[in-house]
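Across the two complexes that follow, chain A remains constant while its partner is chain B and subsequently chain C.
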Partner chain A sequence: MIRRPLRPLARVLRARDEGGNPDAIAAENLRLRHEEMRDRARARAEGRLLVLGFFFFVAFLTIGVRMGALAATEAEEPRAVANGNPIINQRSDIVDRNGRVLATNLDTHALYAQPQQMIDPAHAAVELARIFPELDAEELLEDFTGNRRFLWIRRQISPEQMQQVHDIGDPGLLFGPREMRLYPNGPIASHILGGASYGREGVDSAEVIGVAGVERYFDAWLRDPANEGQALELSIDLTVQAAMEEVLAGGMTLMEAKGATAIIMDVHTGEIVAMASLPDFDPNDRPRPLTEGDQSDSPIFNRAVQGVYELGSVFKIFAVAQAMELGLVNAQTLIDTRGPMTWGRFRIRDFHDYGPQLTVTDVIVESSNIGTSRIALMIGAPRQREFLGSLGFLEPTQVEMVEAPTGQPLLPQQWSEISLMTISYGHGLSASPLHLAQAYASLLNGGHRVRATLVRQDGPQEGERVVSEEVSAAARSMLRQVVTRGTASFAEVPGYEVGGKTGTADKPRPTGGYYTDRTISTFAGVFPAHDPQYVVILSLDEPQQFVAGENRRTAGWTAVPVAAELIRRTAPLMGLRPEIATLDPTGVTQTASH
Partner chain B sequence: MTEMVHGVAPLASGDPVLPRWWRTVDKWTMSCILMLFAIGLLLGLAASPPLASRNGLDPFYYVSRQAFFGGVALAIMLIVSMMSPVLVRRLAVLGFLASFAALAMLPVLGTDFGKGAVRWYSLGFASFQPSEFLKPGFVVVAAWLMAASQEVGGPPGKTWSFGLTVILVALLALQPDFGQAALVLFSWGVMYFVAGAPMLLLMILAGVVVFVGTVAYENSEHFARRIDGFLSPDVDPTTQLGYATNAIREGGFFGVGVGEGQVKWSLPDAHTDFIIAVAAEEYGLICVAVIIALYAMIVVRSLLRLMRERDPFIRLAGTGLACAFGVQAMINMGVAVRLLPAKGMTLPFVSYGGSSVIAGGIAVGMLLAFTRTRPQGEIGDILGRRGR
Partner chain C sequence: MRGLLYVLTAVCVVALGFWAYQENYRTQGAIREVRSLNARIGAAHARLNVLSAEWAYLNRPDRLRELADANFDRLGLLPLTPEAFGHPQDIAMPLPPIPELGPIMDPVEISAGQRGPNGEEPL
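This part shows the complex of A and B:
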């Protein structure tokens, strides 16, 4: 910037020469410059003030127009914008194999309060306490008169209760629609279904989530709106399940057992037609897990899937079948059964002394521990482990229940020769009854591996072969003879040709060793033996029956009669026709036509 | 210096104060202000009883308080408007120094009334917000500095005033009170604009604002959410803004009727930041249009009167006061109709608030004093006395 001198030198010098006052000239000059500057500033300011005025005018006009536009539109009811995932209702039903409802939804209401909107909190509190006796009027009043703006009073109320609350007439008491999971059959199939509870909860709806069983395992599927209300079809047959639970409960009472479990499985498809565990519960009101003590004592514990037990002599058929499959023995091979058999510091005894030797068939029929051990020694530990693995005993079952992975079999740390022998007659390896069911099904259905499933199947499973057809048939024949002339004679059900094996296992003490007076008695069977359709497993926990002057704990006296009753009741329900042989003098056996 | 340049105002010294004031004051602006105050009381009758009932007070407690403070404010406004610009300047500078000291002492002696920002002194019977009083004082001081810089050989007043602005904005932002800080910055900007900001600087400034805004939008989640919420066509009806918008819609053109409004029960700030929503709901678009027209009238008319003003100090100070007043009203109403992002700001003279209404009275009094008709030396122009 070029600065102008404050005093115009030329004029000042001339004025000085002429004797004038140079200061006046300087002052005049200054005034003129000042005015010039001001005029410039004022002209600019005028323009800019005009711009400002225009800006404010337009701004206020815009606000006015906008106000007018808003005033011209209709008001909306204030409603919260749903944020996040909307809560989707319409959980799919669960039905049995014939479409009968096992779990469904019921429209109900939840009751909540907005104390700020209450007219007479004291009256409302008293009335609520009258309608819901478990509520306390004073606590309610405290909640209603405090600073709370919102509180849930009841998660579910019945229509009658809703009407009564409605009649209180307080605007601060409000109802939220709910879908409630309902199990119309009560405790039937309780362990399979599991139960459901509320997840995320809003005023308008709440999320129903499965907490156990298939409800939990299929939770995502059941909640998926893409299924469009399609029901989940289980393999369960509701009538068979109901009959099983009735028979099992009766048997448990009769045998003074503290628990019981049973499974009926289709040998070809692996479908679980019925599966029960006692004691049970009502999934509409699922009990909480025990906070102390042994979880296996809780009613929500599923003995069939979660419980792993040493199942005893029912395992003998595996050793015999494997030995036959390997060509080591046949049904008539004689096995040395002199006892007691000593192996290192262990001694293996039989229930009775069966003499010096028995055929392989009689080892099964008489249930000889020594005979089975000798057969196992022929097989050897690695091959036994591999064979049991092919039957599914080395890993948890893959049945569609969230509890299935907890049914982890207990295996010996070292599969030594003594383990080999004890496992051959069912000790030293703990597995769940469901493991046993799928192994029996695989072994006896002709030799194809099947895996247990709770979902309805359309056809047989074509699993890998575990034994040949012939070995499978021979095994069935031996099991049939156990019933006709062996330890499971009470299992005979006329017309259904039941074959099976008993197992009486001493329960292990938690401190080591075994109890002498507590057993798990198991019957594992198949029917009909010549054309296998179903495997039945029935196990009683600590049963005893006082017969003929002594307490009997063996399966033949406890589990077997119950299993027979179970087959008698359920086989007709599953469409099996009894085959009755008439006492025809000509010796011709008439069979009912197929 | 004003007298030196323009000569003394040609008024007899014996001329009585009141008639002279009545002759020269801008009666239109003054009537608008009185009407605004009346409307404020009317809306207070509608908007503050819910607050009073929440605080367990007499329903018209806040209305009577507002009437009292409003009376005081009007008296102050009249007295101030009778003062000469020089006297106004001197008092305003003193007032500025006092309120600046009060502002600086806030972190030590102030209280936050549980609202998270330390902006107030508690005086027992009333609270006192220094920043409200600071604004008119600041405008006068800044205008004085800028006007001084327009003298030949004057001090670099624009730079000094800018420094002052920065200090004030920093103090206010520390409270934090970004609304007042923005108002201070805005009034300075307007004065600087009128005092002759270079065009190039203005353009650079606009560019910087756009750039900083973009960077902030992309980097600050909080800021982006605010802007997104503002830009999105749907407003969540459960927010204050949603209630306000709904109230305006509910009111329609003629309102739902006196005392029938609902929004005052749901909005905690119905008597201050969202009083325009109460007005719209109960009295309809008509009332709102009148309010807007009054504000527009005051601001635009004052600015137009200031165009004729030749004294740079008076021009700048008047501009700053009028614009601060106008922009505050504009922001308040702009937020309610969602033309602007949410920012709490009171509606001058209408919203409830003791120190706000008194400070408003002072500011408007000054504005009236500055916009009074004065001899501007036009005769001199005509006679060519100034030899141009």
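This part shows the complex of A and C:
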């Protein structure tokens, strides 16, 4: 570029000749040069701005187009990359402890109609009513010819039904893919599994959500794609569960009971190996809750977890174990059992008169209410409350079911001395059978607290200590003697050394007081007594049996024989081989001295 | 010299372009194959799922119990009870083999009413 001189000689000379000022020429030229520089700078800046603007335009355009595309297109199922699991189920399976399927998914279809696309609505309505008998042809025709644009006809159809609908050949009848939750074992473990139903529904897919039981409790986990289809392993053993339900159903019929429940629990791990409540239901077709009447009469009511009952004499072992733990008594201490025992306006009676005195062991073996009450009086209400709290009786169980918080134990408003005494033999405090299973496991496994769980565990729970090893062994020995020479003699199963306690509690009337002819009969046991592995709880609601000339409702005649059959059937399934009982299986240890 | 360099560069560019073209099509082919494999794996999963559901349904305890009852004549299946456990001592083990006798090395002949080879009396 040619730089223009500020003072060109020719012009300067000419200006001098004409008497002008050469400086003006210089100033003029300087101004021109500055203007030129300014114009150049502006052009460059404008060019840069243009480029920058172009980039911004392109960037915003890209983002806008992408957003528009995302908003406008149908959501597509994410297709995992090649190294992952390409297609995973929407909802994980649930399996038992041996990997047998308890709940899985099945691909099926839903049927819907778009009446505007229909060619012959009348024919389609008639044919649909023929395929699905519960549909009404006239109603369908009304829907098809009205001004509806979309209509669900069936949530789930089988492949055969789908083919039949195809054969109608109407383009207005369309299918949407569905995943259906399937419980292949039918009613087995129905209360534990709960059930599932559809949440938000679209044409191309529908959410499957759990409605009760573990399905609901683990809903978020089961639906989490991060699990890559890994199954939820429960602690249940399907074979044991099936055998238990069979025995329980038989026992319930035989004893004319209106309901029954049973639990088998591992004493060390707290795993529930089997848990049943009858009457039950099919989770594939879960019934609706009752809209009127007592919810506990509904088949979906889980007696083992939700039902809180006064469980009766099965509680006696807690008072005795606590007294031994505190060093107040030992197994041979004599307890005054003269009756009836009067306390204020209350009278405590025994089933029979057991004479003036019994040893602590015999108080349990003979199931003396008076003896237990006297032991409870030695303990005192605050300590009893604390001990029962340490066994888990003051709060709902923490088992992994959505119903667990509803099993809130009913405690006395005021833990007075009369409450102290009645609770010691199992009245005045209502708890669920699962509470009882937990407490028996904690007391008898050597004294470590266990919490019930439905999820498979790898090792024993090392909970806090509830009682000492010696007290636990002494309690087991007493329970063993209840079976060998006490109220639970029908519970003897050769080879398994069953120990346990019966409990018969009169049912409370809704209006107050107690029925005289309705009972809850419970057996709570442990086997084998010398090396405890499993706790079994079995409870019958309003049983009765006509034996030897009278109607018998006590647990010894009703719950105990059923429990014995249950142990006989299930113990071999759990891999316990029968042992020839030693002559002196019950090593009674002195736990405290005065 | 410079001309040769230009020619070589141009040949290089053409060769690289050809190679990139090839790679591009091979990559697209691989992606297509992965997609079809994924679809097949998905279908296999779905089939596996149906089969396992069916297996579980056919092996449900209620049905097995009914089948065991229906075929009791032939199979004689009973629920497992404690009596099914045995003791190793109760098993009828095969008897230990009788040790074989070797050939008779030094026979003593005994006979009545005859003299022996050396004329002695029989015992």
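What we mean here is this: the second predicted complex is superposed on the first by the 491 of 594 C-alpha atoms of A that agree within 3 Å, B and C clash if a C-alpha of one lies under 4 Å from a C-alpha of the other, contacts with A are read in each partner's own complex, and residues count from 1 in each chain.
As a convention for this text, a residue touches a chain if its C-beta (ideal position, glycine included) is under 8 Å from a C-beta of that chain, and two chains touch if they have at least 3 such contacts.
In this text, all values refer to a predicted model and were calculated from it rather than measured experimentally.
K.L.:
With the two structures laid over each other on chain A, which partner does A:A243 touch: chain B (first), chain C (second), both, or neither?
P.N.:
Second partner only.
K.L.:
Answer with first, second, both or neither: which of chain B and chain C does A:A45 touch in the superposed model?
P.N.:
After superposition on chain A, A:A45 lies in contact with chain B alone.
K.L.:
Give one of first, second, both or neither to describe whether A:R569 is in contact with chain B, with chain C, with both, or with none.
P.N.:
second
K.L.:
One more residue to check, A:N105. First (chain B), second (chain C), both or neither?
P.N.:
second
K.L.:
Let me test your reading of the model: by the given contact rule, A:R345 touches which partner, first (chain B), second (chain C), both or neither?
P.N.:
neither
K.L.:
Scan A:M37 for contacts with chain B and chain C and give back first, second, both or neither.
P.N.:
In the superposition, A:M37 touches chain B alone.
K.L.:
Would you sort A:F60 into first (chain B), second (chain C), both or neither based on which partner it touches?
P.N.:
Only chain B is touched by A:F60; chain C is not.
K.L.:
Please write out, lowest number first, the residues of chain A touched by both chain B and chain C across the two complexes.
P.N.:
Overlap of chain B and chain C footprints on chain A: residues 79.
K.L.:
Could you list, by residue number, the parts of chain A that touch chain B in their complex?
P.N.:
6, 30-39, 41-42, 44-46, 48-50, 52-53, 56-57, 59-64, 66-68, 70-81
K.L.:
Within their complex, state which residues of chain C touch chain A.
P.N.:
Within the complex, chain C contacts chain A at residues 34, 37-38, 41-42, 45-46, 49-50, 52-53, 55-57, 59-62, 65, 79-82, 84-85.
K.L.:
Give every residue of chain B touching chain A within the complex, in rising order.
P.N.:
5, 150-153, 190, 193-196, 234, 236-238, 242-243, 245-246, 248-253, 280, 284-285, 288-289, 292-293, 295-296, 299-300, 303-304, 306-307, 310, 312, 315, 319, 323, 326, 330, 333-334, 337-339, 386-388
K.L.:
Would you tell me which residues of chain A are touching chain C in their complex?
P.N.:
79, 82, 86-89, 100-101, 104-107, 182, 184-186, 188, 238-239, 242-243, 246, 493-496, 568-569, 571-573, 577-578
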